[in-house]
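There are structures below to look over.
Each of the next two complexes has chain A plus one other chain: chain B in the first, chain C in the second.
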Partner chain A sequence: MAVGPYTSQTIWIAEADDFVIRQFEDVYFVFCKSAGTTHLLNFLTASIVKNAVDKPGNMKDLYDRVLNDLELDAEDCPSELFESSVVQLDEVGLLKPKEYSNA
Partner chain B sequence: MSSTEDSKTKFRDQRRQLLRLGAAGMPMVLTLGAGASGGPLISQLQCVITLPGSIRILVDDDGAAWVGNGNLKKKKGKYKSKDINNFKDNADFSFPSSSAPSQFRPGSCSGDGDGDGDGDSSSSCYELYSLDAYQLITPGDYVDVNGSWNLGSDAASLYVALSARQADLSPNSSWPGISCIVSILNYLG
Partner chain C sequence: MPETLISDLNRADVFSSLKEGQFELILGAFSARLASQSPELVDFLFDVYRDVPANLELQEVTDIALNVRPPNVFRKYLRPQVIPDPGFKVPAVPLPKKMAPLSLEMGMNLSVALKCCRFLTFHAGAVANENGGVLISGASGSGKSTLTTALMQEGYRLFSDEFGLLSLDKAEINPYPRPVSLKGNSISVVRDMVGAEWVSKSIMNTPKGEIAYRRARRSDIEQANVPAPVKLILFPSFAENISPRAKKLTKAETIMRLIESATNYKLLGEAAYKALTDMVVGAEAYDITYGDTEECMQMVRDFAGEAGL
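On to the complex of A and B.
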């Protein structure tokens, strides 16, 4: 369950100033300065955070960009897995919903 | 196909495998230093016991227990006394009465003479539990927020209960995971 409500139009952001990221092969250590916690991300969740840092977007937008970056298709990474990964990132504070739309 | 393409294909296959695990429910994010609830992690509760081999635990109706890897088969709901004695004789560890909590003891208990004509008596006064080799057990998972043990009735719970008993009886024994359980007991005080 996400920290707060979200819709398909919710814009997800990641605040790069709050993180220190170190990559070890295909594992990413992300230290969150404000919370004092360290998170281990795999290539998928790391790519979601990077994309949300570079350009915040809604679920579909981020999904398309991440799949493109990782050269994966929807069969490899179903949208349900992607959405659950976004929610997990939200729960640990690495992603935040920026705004909501009724559209 | 070149070796570079080979390794690229292998790399992508590994990633696809990880995504399949994710789709099956494996977390995609792990947090160190604080739980998802925001509470601090207690390092003493995080140790994990890896079983070095398959383990069988025989418990009698008084809560005595024997730990080994002998073969033991039930026949008509009962174990042969010969097999029971053999298991006990070859057990790596044994525990006195009242070691296994009541939920692990056999529900009913009766014994037969040599009624089936196979030259052996049999008894239903035992319950057998099995654990697989390399199974991971995190005793801290069985400690609730108040610092009390909260055991189920499965084999892993029994292993944790006997580990705590072993730590009382012989804290320097070769019981697999003894240092883990000792550190937890020290923490719980």
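On to the complex of A and C.
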């Protein structure tokens, strides 16, 4: 469950100033300044965060961009897996919903 | 001002200074103001800390202020006991007065582990030679004190057998060469390794069993202000009658294990994250399981060579 309610139109944002990220081999260590916590991200969750920093978007926007960046298809990364990863990033404070849109 | 070593001082003066709470111990990363009414502590200081600089009167603000005292008036006279009182509440049990040295060591350890903010503090042994340092991280009983001592025999300087003190602004560990705490079977192993004259009398029947201390060498203490970059990180675990084996760890595994081993990682926040990740970039790390110190040292020598030590 995410920290708060969200819809398919919720814009997800990651604030670059709120964390420090360093890559070691194929994983990423992220320090979240506001929570004071350290997180270990895999290539998928790291890409979600990077995409949400560069250009916040709704679940579908981020899903398309991340799959494109990682050269994956829906079979490699089902939307359910992607959504649960977004929710987990929300729970630990690395991603948050920016606003709701009726568009 | 020239340094005065404990061995240069007069016993009666040291005891008097301790009773007045004025005794100042100056050792590497930390200075300590000590207070106690226990003559056992004087004997311990003249034996195990004899080459450490000290003052009979306070010269400066100290990092640690520790009083080894009775837990209450009752226990001052009847079956006397002592506790370490570092000025804040610590999880220390009262010990018989004859175990005052153990109380002193516990108190100094707790002061560093719970109140030190100048360094990222790992529960680890640490040694270094002229090329760099070795961090030996492990829980109690993992053999880190024995390995620390074995590496000292190979010419490494003692930094600590209890704390890896990582600078926050550079990937260097800092010495705090207090005596190496030995428990149970490791006492005889180390006595055989270094000679009985380097190991204190055993304190028997402590809550941790038999305990003795391997004294730091004068050369360790003289270089107690010289830090070293970390080149090799070891995570040992000791088990009887087991063939030695080792596994090289990824940087990510190393970081995760060291976060667990740090006493103040969460407290120091971003500075700790940066210091830790910087350190791991420049170091190789191995998980080691062993049942024989010499067999383990053969592996460690190879790893040290590969790491440029």
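Convention: the second predicted complex is superposed on the first by the 101 of 103 C-alpha atoms of A that agree within 3 Å, B and C clash if a C-alpha of one lies under 4 Å from a C-alpha of the other, contacts with A are read in each partner's own complex, and residues count from 1 in each chain.
Rule of thumb we're sticking to: contacts are C-beta pairs under 8 Å (C-beta built on N, C-alpha and C of every residue); 3 or more make two chains touch, one makes a residue touch a chain.
This one's a predicted model, so the numbers in the text were calculated from it and none came from an experiment.
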item	value
Fit or clash - chain C, chain B, common chain A	fit
Partner chain(s) touched by A:Asn68 [first = chain B, second = chain C, both, neither]	neither
Partner chain in contact with A:Val20 - chain B first, chain C second, else both or neither	second
Which superposed partner A:Ser8 touches (first chain B, second chain C, both, neither)	neither
Which of chain B and chain C A:Gly36 touches, first, second, both or neither	both
Included angle at chain A between vectors to chain C and chain B, based on C-alpha centres and rounded to the nearest 10 degrees	50
Chain B or chain C, by number of chain A residues touched	B
Contacts of A:Ser79 with chain B and chain C, given as first, second, both or neither	neither
First (chain B), second (chain C), both or neither touched by A:Gln88	first
After superposition on chain A, the shortest CA separation from chain B to chain C (Å)	6
Overlap of the chain B and chain C footprints on chain A, listed as residue numbers	36, 38, 40
Touching residues (chain side chain C, partner chain A) in the complex	250-252, 255-256, 259, 265-266, 269-270, 273-274, 277, 280
Residue ranges of chain B touching chain A (in the complex, touch as defined)	12, 14-16, 18-19, 22-23, 27-34, 36
Chain C contact footprint on chain A (complex, rising order)	20, 22, 24-25, 27, 29, 31, 33, 36, 38, 40
Touching residues on chain A, where the partner in the complex is chain B	26, 35-45, 70-72, 76-78, 80-81, 84-85, 88-89, 91-92, 94
